[in-house]
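Pasting a structure below so you can have a look.
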């Protein structure tokens, strides 16, 4: 799964959601799709976490060179 | 029975119900069909339970990544 | 006798009744037929009892798995 | 006499009655026949009693399975 | 990176900023570009710092040779 | 540099200042120009203070060789 | 011409332009003529008219100049003089202001001057192409002049005032009288000898104070002119007063009106240079810092725009949440749907359980049971009634029924033979007499 891009995963997730919402899948298939969907969701979520962490590290390492807090969602500041 | 899909089972159950409803079966046959029907019903029910449990596990395992209580907005706020 | 089906037994019983009703049987024969009839009746009766009991068991055993409240998100959250 | 069937006995009885009715028998013969007839009549009656008892026993043994009311041919005859 | 000139880096940085501003990049690409941008920004910043330091050193080394107070004509006239 | 005249140096320094004033030089070029400017400035400054105040008189001696002797201003003030 | 395009001068404007035109066209001119209408007011200036056969021109010689005249100045005298054209605006007059005058008879010297000037000029000694530029900042200044007198002191003072530490060398010469020409020529010789050495000066000032045309003779000599021309080092001439023009002036690379002016021309103000240098250095530093600052602000501007992708990430998070929500909802919807279907089916199943069969069959069985019982009952009843009928008929046929009517039957004992004949019995024999309600045992007593 690691090689699949974030956007592709998100697209797949969207497709799965639509397929499930159509309600025409047999249970096992639906279950399988659902599982896949959960995995994709998790993958996407982790990918975002990872990316965010990377950005934080980048910004911390380069602090002072670049504006220190370029993007401040309220919750993030609590994490720091 | 494990290999039979949920939908097939449900279909079989439906057929059995129709046969029983026709009322033309001899007692033993009817009894046999009924028993089979009960088993199918049980199988389907278990299959659904199992599926639900599987979902719960999936969701619990992915907790945090995915919304924790996707179907109970009221309780969610209490949990938080 | 165990191998004889319920319906066949019932048929035989009916035939015996008719024979007896015809009144042409010698007493011993009639007596013999009657005895046979009683046995058949008993067999049928037991068969029905047996069947009914079986149904009861089946219904009792599967009760709750299916009908009662198959999907109760409120209860589920209590389990968690 | 035990081996003689009910029907044969009834037949002999009928024959004795007819012989007696013919009126041509000497007294001794007639008396003999009459005595025989009485015996046959008794035998038949007893045979019927016996049979009825047998049925009662049968019915008692199968009580509940067949009919709740015991077999009461006496009462039935009174009604006739 | 050492061989790349400040202006080229600045140009690249600007291009990256524009690409990011266009908002059309996939996440991975955006992240990559951002990282590159941060590096370029840092590089440029360091280059400027370095240059300023170089100027300081140059001026210090030439101190004494050059009048320390380059713009004090009053003192000079006293020397004459 | 020794051969370059004060005037030329001053001219070059002036030109460098003008080039820098435009602000359009790439950083490296600007830095290079600046360095050159510092050197020129130093040279000019040194040039101004290079020589000592000295007044001498050139004479030809008896052999016709040129000799130098300090200038001793006579006090006589001749009206022309 | 329209009113608009027509240039209309005021008198002042026109006069001013004419003045400029005249004075610039004729800065200094040699002119000859005859003096007339001479007047000498209290000021001591000479006002007169210079005329020839066809024209006349007003002329002035101020007191400072006319005091130096060594001949009697009077009407009718023919003179040659050097002067400049002047236009006196308040009156619109033009006149020539004489700096120098001599009687026409003495004009030989002047003639020689003009001749030499013309010859040297034709030879090209005055040509611009031979004129060397003066150094901007001389390393060393050589002054050829009289070691005595004010001139040398003035020059040194001015040089030192302007640039304290410029080395000066002086080549003392006679500037008038016998030997002056030789000494000056020798001085240039010395300069040329030294020209290639390190110690060489890089500019020469040939200086002398003001004097009469006779006093300046050496500087009008061909020898000096050629020496100047041959100088390997640029020469600036500073001879006499502002109005004194000599051959040397024409040959020199530059003419200074006075020795003091020469000093000013060749030596820049050290202060100015130093200030200029310092200023440039200051500018240089300011500029480079400006450049860096400018680049810094550009860099900051761009860097500030380098928005990290976290905003996108937030959007993506919302999207993922939405999808996940819908995913889970859809999942539960599917489960609900199937469960509902299953429940319905199960209910149907139970509704159609074989109880329906057993109930029916029970009823049928019950009926059959009833039938069975009733059939056997009827059967037995039939049998019994048949038996009873026969028994009753038998009873009716009983041979001993007559007994009821009083008959009796006598039988032997134990043979039970019916006694029909008395012969059949013996007296005393016991006999059984059957009567209606039993039987009697009787003994034969007699026979009849």
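In this document, chain identifiers A, B, C, D, E, F and G correspond to the written order of the chains, with residue numbering beginning at 1 in each.
In the analysis below, a residue touches a chain if its C-beta (ideal position, glycine included) is under 8 Å from a C-beta of that chain, and two chains touch if they have at least 3 such contacts.
Source: prediction; values computed, not measured.
S.K.: What are the chains that subunit A and subunit F both touch?
M.R.: E, G
S.K.: Between which chains do we find the greatest number of C-beta pairs in contact?
M.R.: Comparing chain pairs, contacts are most numerous for F-G.
S.K.: Return the chain whose centre of C-alpha atoms lies at maximal distance from the corresponding centre of subunit D.
M.R.: F
S.K.: What is the distance, in whole Å, between the centres of subunit B and subunit D, each centre taken as the mean of its C-alpha atoms?
M.R.: 69
S.K.: Averaged over CA atoms, how far is the centre of subunit B from the centre of subunit F? Could you give it in whole Å?
M.R.: For subunit B versus subunit F, the centre distance works out to 104 Å.
S.K.: Return the distance between the CA-based centres of subunit A and subunit E, expressed in whole Å.
M.R.: Subunit A and subunit E have C-alpha centres separated by 37 Å.
S.K.: Hunt down the residues of subunit F that sit against at least two other chains at once, touch-wise.
M.R.: Answer for subunit F, listing residues that touch two or more other chains: 27, 31, 34, 38, 41, 45.
S.K.: When you check subunit G against every other chain, which residues touch at least two of them?
M.R.: 164, 270, 274, 278, 281, 288, 292, 295, 303, 306-309, 313, 316, 324, 331, 335, 338-339, 342, 346, 353-354, 357-358, 361, 369, 372, 376, 383
S.K.: Tell me, which pairs of chains are in touch?
M.R.: A-B, A-E, A-G, B-C, B-G, C-D, C-G, D-G, E-F, E-G, F-G
S.K.: In their complex, what parts of subunit E are in touch with subunit F?
M.R.: Against subunit F, subunit E makes touches at 5-7, 47-48, 51, 54-55, 58-59, 62, 65-67.
S.K.: Report the residues of subunit G in contact with subunit C in the complex, numbered from low to high.
M.R.: Listed in rising order, the residues of subunit G that touch subunit C are 335-336, 339, 342-343, 346-347, 350, 353-355, 357-358, 361-362, 364-365, 368-369, 371-372, 375-376, 378-379, 382-383.
S.K.: Help me check something: in the complex, which residues belonging to subunit G touch subunit F?
M.R.: 135-137, 139-140, 142, 146-153, 156, 160, 164-172, 186, 190, 193-194, 208-211, 270, 273-274, 276-278, 280-281, 283-284, 287-288, 290-292, 294-295
S.K.: Can you list the subunit G residues touching subunit E in their complex?
M.R.: Answer in residue numbers: 164, 270-271, 274-275, 278-279, 281-282, 285, 288-289, 292, 295-296, 298-299, 302-303, 305-309, 312-313, 316.
S.K.: If you look only at subunit G, which of its residues touch subunit B in the complex?
M.R.: 321, 324-325, 328-329, 331-332, 335, 338-339, 341-342, 345-346, 348-349, 352-354, 356-358, 361
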